[in-house]
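Below are the structure tokens for one structure; questions will follow.
By written order: A, B and C. Residues from 1 in each chain.
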Amino acid sequence: MTTPPFTLPKRKTTVRLGDRIFSSSTIVAGSIILAVLAAVTLFLIAQSIPALVAKQGTLPGITTNFWDYVGPLVFGTLWAALLALLISTPIAIGVALFISHYAPRRVAQVLGYIVDLLAAVPSVVFGLWGAKVLAPTIQPFYEWLNTNVGWFPLFSGDVTGTGRTILTVAIVLGVMVLPIMTAVCREIFLQAPRLHEEAALALGATRWEMIQMAVLPFARPGIISAVMLGLGRALGETLVVAMVLSPAAVVSFLVLTSQNPNTIAGNIALQYPEAFGLGVNTLIATGLILFVITFIVNAIARYVVNRRKAFSGAN
Amino acid sequence: MKFSRIGSIAAVAVAATIVLSSCASNEAAAPSDSNSAAALTGTLAGIGSSAQGTAQTNWIKNFQTENPDVTINYDPQGSGAGRTAFISGAADFAGSDAALKDEELSGTFGKCAPDSKAIDLPVYISPIAIAYNVDGLTDLKLDADTVAGIFKGTIKTWNDKAITALNPDATLPSAKITVVHRSDDSGTTQNFAQWVSANAPTVWDAEATQTYPYKVGDAAKGTSGVADAVKSSPNSITYIDDSAAGDFGKAQLKVGDAFSTISAEGAAAVVAKSPLVEGRETNDLAINIDRKNTEANAWPLVLVSYLITCQTYTDPAVGTLVKAYAGYVASADGQTAAATAAKSAPLSTDLSSKVAAAIATIK
Amino acid sequence: MTAASAGTMTNSLTTGRLPKGTIWMLLLGSWALLALVFLFVQLAGGTTTFNLVGAIFLGTILFDILVFVISYLVEGVRRAKDRLVTSLVTTAFIVALLPLISLLYTVVLNGFARMIEPGFFSSSMRNVTDSGGGVLHAIVGTVEITAFATLISVPIGLLTSVYLVEYGRGVLARTITFLVDVMTGIPSIVAGLFALALFVLLTGQAGYRSGFGGSIALAVLMIPVVVRSSEEILKLVPNELREASYALGVPKWLTILKIVVPTSIAGITTGITLAIARVIGETAPLLIVAGFTSSMNYDLFKDRMMTLSVFAYDQYANQGPNSADYLNRAWAAALTLILIVMALNLIARLIARFFSPKLGR
């Protein structure tokens, strides 16, 4: 008979059962996300392959190859999202600051509520509003810009007759992502350490200097997150683009003409209903490209965030 | 705090129960007891052409009123989506602005019996209008070359010589023409392009497809988007399904030597005179529209939309239901309903009997 | 004065201050001025209608410039900057409100009358072609599909954000953070196509359509928003709180459940409400996977289901010849949807108030 191997008495308190269950359930949740994303990617790739490998001229409605088809769309997607973010980011930060640090407290609560509510306006309503209200209203203004500020390269060209340009789309997208960006920024600004703010004010800083010193540095990663959320929505928005834009297969920086580059998502919404056979694969392949674009844009943003290592309570 | 938490949960639960137990006041609570032994029951799913949308809603309403135990859902997603869904078996029938293509016919169909093919049944004929929004202009005459010029972008202003020559009496503004066309692929675009390219081949040099070929003017999504764009922009012109042309001015087109006004009768006459596509099965009634019809008052700018069904369904119950529904759609009653609701042109007697004969063979 | 501010170091204690009320006078003054300008333009025949939006917008910008200049002259550069930012922030708010008010106004104006008509909340669209009909079927669909999507995505999203903030170190956490960002960019229509393909694969029926498929598509869109917003909020919980809890011998999981999450519950509920709001109005994916019906369907797992946004879109896109009937229904459905989200928001606020610890601010 050999003696049983000697084991160290385990300390019960180090790893509690509750801890183990809880931590593994969070890992499972995280892994589900990975699995879903992997499934979506697989689906996209599997459905795209027929279009990607198709011979020149065999894709329905496309004379050359897939890449010539997707090029203007990629440009349009980035261009529309960039314009939308240029419009909405400063305004969102401004509105969030107004609610968190400028407006009286009671007013601020109501305003915060209104902004949250606006996040809920469905995209189809933004589409209806953009096509039926904004485009006709803003068209005379575009004509004015075109005649008077036409020397500015972006405003030159043949002005639109209906107002359905990429600038209109960008405005609608900007308005659309505004509530979600504002809401996230506001929550972040409200969490800025109270003591720092009071200290700054006590040292004689003006309100703006206080915000510059105590709020913005603290909130920077949060603001970038908010912008990324807005960007994600602007890149992938489908129906608004389809309903408001007057698209053409062009690469053009002009924002007041009728010939606007379409976005990938908008193009899918427009062409999917009439697509058949390889056409469906082509559209899904453009979806894959959009996915890759989002991937790259996010990688860049992540890199920027990580370089300015964030302040975090949990660090 | 505990109490209010429970209270709010209870309130939500109560609200949910109310919502879920309530029944739509316009829907029968229990299946009505029908006297007829052969009462139809079941659910049909159709996907397809949005041009047929309004007509389908009306057909479905009348058919469901007649057969309360039947539910028919028609998604007006688009013709391509409809054909794709039908081929894969996702839909029991499809609505399409174009007949099945040869390569589609050579394959198999999800809901059809293995040795059976799908058939195209023309059920919806709709004239397409050249509609415009120009202040004070009520009467506009155009010929195919001018239409082609305007929509290709070579004729840029309303008082262009080509237009004034055809309309010596009209007061035409010197304004720029805003051409509005579809941004999505559509059967309307294809039919319009077929007509222009057949009648003005020298100007309109692009192939007639569902995609608008030229980079001209403003694009908008769907019939309603185009209508909105035209309504809100002065001096605009478009091609649009007559049912949605509403208050817009509608141009007269030169057909043969005379100008004809848009009319359902003119459209029906053109379709009635058009030959069937050759080389198809006997019950496949795909039509080769004669775009060069020159009879008086004919309107060759017309869209024919099809109901696509199986010749023989794998599931005979579905076959019976589709047969009954298609039978109603092609009947005089069904065609009148669509004509009233969607301004379509009823099938001519000859074509209608051919369609009825084809439907009778559906199993 | 100008010489002083340019030459010597300015000091906010010694420089002059603008009298109270100057700011408001300036704002009203510049609005009035621009209103006058536009009135002249109108009288001169430049525009046919009075351009109120233009007057307010340009007036506010004029105000921003005036405030900076006047404050710079009177109060010195630091105060001037402060005043400029204050007025800019206010301007941003006004600029943001203009389109949003226009949008809400349009929806209420076009939808309210139709919404309060009898039968709108108690009937479906079965056998309705022109006037009449209602949205009960769409409300049921919206509520069921969104509720189920929330049920799927909130636990997954919350647990993931807890993992990322409290547990996650190393490659896995970094990968998840990154991929969540990527996931926010999945176009909604692709999510719909994906869900459809998934269910067709699982059930083997090419014609598969159900509300459940819609829930899955929405969950794909919703999860990243939940993760992203709650992660940001959890990160902001001060470490002192956690350490205090550990010091008292509370296990980590209880610390998270009882200290970390409750502290940030207000932000988390805001995040979840935002996520719901993000998906409840989705149209394209639901059109593809949940399909389209004008009859009632209570069964989430079987047959097509209508939702409010699809309904609104369909009424707009497929108008009959009497387009007013269809458009009114579309606007009324949109208004109903906004009201539902408003109610949800209220509930979320109440929940946040019950659970969150009482803090100053």
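As a working rule, contacts are C-beta pairs under 8 Å (C-beta built on N, C-alpha and C of every residue); 3 or more make two chains touch, one makes a residue touch a chain.
Predicted model, so just to flag it, every value in this text is computed and none were measured.
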(message) Can you tell me which chain lies farthest from chain A, using the average of the Cα atoms as each chain's centre?
(response) B
(message) When contacts are scored as defined above, which chain pair ends up with more C-beta pairs, A-B or A-C?
(response) A-C
(request) Would you mind pulling out the distance in Å between where the CA atoms of chain A average out and where those of chain B do? (result) 36
(message) Counting only Cα atoms for the centres, state how far chain A is from chain C in Å.
(response) 13
(request) Would you please write down the residue numbers of chain C that are in contact with two or more other chains? (result) 316
(request) Can you tell me which residues of chain A touch two or more of the remaining chains? (result) 132, 269, 272
(request) Could you tell me which residues belong to chain B and also touch two or more other chains? (result) 50, 77
(message) Residue numbers of chain C touching chain B in their complex, please.
(response) 119, 122-124, 126-129, 132-134, 136-137, 139-140, 143, 205-209, 287, 291-296, 298, 303-304, 314, 316-321, 323, 347, 350-351, 354
(message) Residue numbers of chain A touching chain C in their complex, please.
(response) 16, 18-19, 21-23, 25-30, 32-34, 36-37, 39-40, 43-44, 47, 90-95, 97-99, 102, 111, 113, 116-126, 128-129, 132-134, 140, 171, 175, 178-180, 182-184, 187-188, 190-191, 194, 204, 206-209, 211, 221-222, 225, 228-229, 231-233, 235-239, 264-265, 268-269, 272, 284, 287, 290-291, 293-295, 297-299, 301-302, 310, 312-315
(message) Applying the document's contact rule, which stretches of chain B touch chain C when the two form their complex?
(response) 1, 4-5, 8, 12, 16, 19-20, 22-27, 43, 45, 50, 53-54, 57-58, 60-61, 64-65, 71, 73-77, 85, 88-92, 110, 222, 224, 227, 243-244, 246, 341-343
(message) Per the contact definition, I'd like the list of chain A residues that touch chain B in the complex.
(response) 61, 131-132, 135-136, 139, 160-164, 242-243, 245-250, 258-259, 269-277, 279-280
(request) Can you check the complex and tell me which residues of chain B touch chain A? (result) 50, 77-81, 83-84, 87, 103-104, 176, 178, 180, 183-187, 209-211, 215, 217-221, 225, 228-229, 232-233, 235-236
